[in-house]
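As structure tokens, here come the structures.
Next, two complexes with chain A in common: one pairs it with chain B, the other with chain C.
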Partner chain A sequence: MVTFIEGIGTRTLKLCRSAFETLFFTWQVILHLLDLKTYNKATQLVIITQLYFTAVQILPLFIYISALMGLFLMGIVLDSIKQMGMAGNLGNILMGFIFTEVCPFMTVLLLALRSGAALNTEVAVMKVSKELDALNVFRIDAFDYIVVPRILSGIISVVLLNGIFTLVLLASGALFSRMIFGLAFDAYIRILVVSADFSDLVILILKCATFGFFITLLPIRYGLTASNELSSIPIAVLTGMNNVFIAIVVIEVLSLILSSI
Partner chain B sequence: MKERHPENLGLVSTDIPLISNLNVWLNIALIRLYHLSESRLQAKRVVVGLLNRFQKREIAGLRIAALDHWERYLVKLLRAAMVQDALIVIDRPFRLVPDLPDAELIENSLTRIDDLYFSCRILDYSWNRDRYRIKDVSES
Partner chain C sequence: MFRSLEYKVGLFILITSVLIVSAIGYVAYKKDVFSRVDTYTLASFSGEDLTEGMPVLLSGYKIGRVHALELGDDGRILIRIKILHRHAKWLRRDSVFIINKPLIGDPRIVLSTGKMSSPPLSTEAIKEVVVANDINTTIKKLEPVVERLNRITINIETLTANLVDPKGNVNQILRHTETLAERLARTDSLLDLALGNPDTVSAVQEALKNTEEITTEMTRILKTVDAMAVKSDEALYGKDGIFPSMRTLLVDLVGKLAKLDQFVIHVNNVGANVDASTKDLGVLRRDIDETISTINSLVKELDRKIPFRKEPRIKLP
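Let's look at the complex of A and B:
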């Protein structure tokens, strides 16, 4: 019984320590993000490279998946709206559910699976192979050179890719609303514009930026927990990716609460 | 005499690896890009010029995994020389380039870039002293 209680205590302490360390790491990242001295030529070069890896290289696959998802999702949603006789709420359902909830969620899921895992492994490998020590010897701040560019490109990538995902779904929506409701394209756009709320747009962009921030911050943070042994890499990646998915759910729930206020 | 600070240290060692996700010229230029915020083109021009001193211009775009021991040593040496007023410390050169018979090539490599550093020290085991063929070797 005592061992069981001790076990709970140990786990709680471990969890609290990990949460505190993550918060402290987040604070350090924010300070470096806001510091203009961070953005030297080396950092700028990494930002461009990371944007290419995170937002450009994924584009063909991303557009293919979003088109496929768009066709299925919009077909099912619009057909259900018609069957339930909710055609009057078409704009609200599309804007309030599909474009502000489903699109960012799918975007962040795809990016977390691809770039989050890659970042986590990259940083863990750099730690194990002592490349971070090499940076330190030459007085290159790992926060400036490794962490900040990756997080910044993560934020920009999620916001931009969410825009592309939304555009593809909008196009699918236009196609299906014509097939199911016989709506002309201009009428479809008018319905969406009327249903769009400026505050929803702000929350959407903030949510995408927060998603981008955390799906890059957490893999880096847990990548840095790798020890000097190769066997610590899979553990660091596993822990990092677990925390990324927890963060995605937490941000999604918080944004739902925020938008319902 | 100039005051030396640890930040002038340009360490060349097997324990200080090259960055695996950067190619050769970026590994060398990184210090200039970061500390001097030099433009990419300018830094690349400097690095290619330095590689040319060793007739190794063609390795500028290669990844580290594609280099042999001697080329890796040269890249590490040039990276260390990019530190302003560098105090280059070469830690056990025969660990860096195991197939060298003596230190002639090491000395030669240092001579070719002697305009880039302030001072240089080579640290090695005493049983390797014959391979250096120099008289003023100090033991500690």
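Let's look at the complex of A and C:
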């Protein structure tokens, strides 16, 4: 019994410690992000490289997946709207559900699966191979050189790729609206604009930025938890990715609450 | 040359940023984010159901929103509303602001524009709002219906109680029906069941037989009457019947009456001539009277001149 209670206590403490360490790490990252000294030549170069790997390199595949998903998703959604006789709510459904909820969620999911996992593994390997220690030896701030560029590129990538995803879905929506409802493009845009709320768009961008922040921060944070053994790499990646998905759900819920206020 | 990593990243950021900023800018422009707004103040005795961001509607069209809610010095709730400047012309001094609380959906402020000739509403003025509560109105309308439903429920309860009660009307009816069914099973006919006495049943059957005979006799009489009617029809409407003869007579009479009519006209003419002749006779009479008086004068003159005649006599015409 005592062991059981101790177990609960140990887990709780571990969880609290982990949460506290994550919050402290987040605070440090924010401080470095806001510090202009961080953005030296080397950091800028890393930011550009990370942007290339996170956003530009994935672009053809991302557009292809967006188009495919857009065709399926918009086809199903618009057909369901017609079947249920909810054509009057077309704008609200597209703006309130597809463009402000589904698009960022799909974008962040794709990026978390690709870049989040890659970052987590990269940092864990760097930790195991003592690359971070080597940086310290050369008095290079690992935060400035490793963490900040990756997180910043993550934020920018999610915001921009979400824009592309939304545009592709908008185009698919226009196509299916014409096919299913016989809606002209200008009428389709007018319906969307009427249903759109400017504050929702601001929340959407903030949400994307938050998603980008956490899907890069958490993999780095948990990548740094790897020990000196190679076997700790998959554990660090697993824990990191689990936390990334939990963070995605939490942010999604928080944004929904924020939108409804 | 243009395929460097920096170029690709720069191009990507530029294009996507332009697209996103354009889209957001377009929505912002269409949603009047950059349009000029005027702030007006309304006052309400209750802040219930009032929320920031609540729409202000004119003819169902959103022209503004509630910007802020404050507690005034007099205890009233001050509602700051922001109205797009281009819609400010609809706000007049005699405009009425109604807080509409629909049964379904969020409350809204509805603007009822007064006379357009009335002066524009000042942004400094504080207008009192009117509360229109759809829920209370609906409840008031529903009250009689609920009362009726209550009565119906009571009636149903009474009926149910009656149904459950073994001595109740329904159970009595059921028992009677059962007895009736039993009796029906025992008896030969419904008549026997209804009357109960076999003698009465025989009497009724006898009466029915008599009725049948009477009916047969009546049918025979009706046939005879019908035959008579056929004969009468021949006598009245036949070739030498009464009605054709009467018709001939009447035609003849009409012809004669026409002749008589002409005769009467002739007699009238004669009468008129006689009337004219009578007038001539009057004149003749006057002439004769004058002649007689002249002759009398002449006789008198002769008597005066010839006195030997004792009995003077003059032969009149």
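Rule of thumb we're sticking to: the second predicted complex is superposed on the first by the 261 of 261 C-alpha atoms of A that agree within 3 Å, B and C clash if a C-alpha of one lies under 4 Å from a C-alpha of the other, contacts with A are read in each partner's own complex, and residues count from 1 in each chain.
Here is the rule we go by: a contact is a pair of C-beta atoms (placed from the backbone, for glycine too) under 8 Å apart; a residue touches a chain by one contact, two chains touch by 3 or more.
Fair warning: this is a prediction, and the values are worked out from it, not measured in the lab.
Is this a clash or a fit when chain B and chain C both end up on chain A?
Verdict on chain A: chain B and chain C fit.
Please work out whether A:139 is in contact with chain B alone, chain C alone, both, or neither, and reply first, second, both or neither.
A:139 sits against chain B, while chain C stays out of touch.
Give one of first, second, both or neither to describe whether A:130 is in contact with chain B, with chain C, with both, or with none.
The first partner, chain B, only.
Return first, second, both or neither, reflecting whether A:13 touches chain B, chain C, both chains, or no partner chain.
In the superposed model, A:13 contacts neither chain B nor chain C.
Let me test your reading of the model: by the given contact rule, A:55 touches which partner, first (chain B), second (chain C), both or neither?
Once the two structures are laid over each other on A, A:55 reaches chain C alone.
Pick one for A:167: touches chain B only (first), chain C only (second), both, or neither.
In the superposition, A:167 contacts chain C only.
Between chain B and chain C, whom does A:246 touch in the aligned arrangement: first, second, both, or neither?
neither
Between chain B and chain C, what is the tightest CA to CA spacing in Å in the combined model?
12
Let me check the overlay on chain A: which residues of chain A are in contact with chain B and also with chain C?
none
Once bound in the complex, which stretches of chain A touch chain B?
40-43, 45, 122, 125-126, 129-131, 133-135, 137-140, 144-145
What residues on chain C touch chain A, complex-wise?
5-6, 8-9, 12-13, 16-17, 19-20, 23-24, 26-28, 30-31, 33
In the complex formed with chain A, which residues of chain B make contact?
The contact residues of chain B facing chain A are 7, 9-11, 15-21, 26, 30-31, 33-35, 37-40, 43, 79, 83.
Can you name the residues of chain A that touch chain C in the complex?
Residues 48-49, 51-52, 55-56, 59, 156, 159-161, 163-164, 166-167, 193, 196-198, 201, 205 of chain A touch chain C in their complex.
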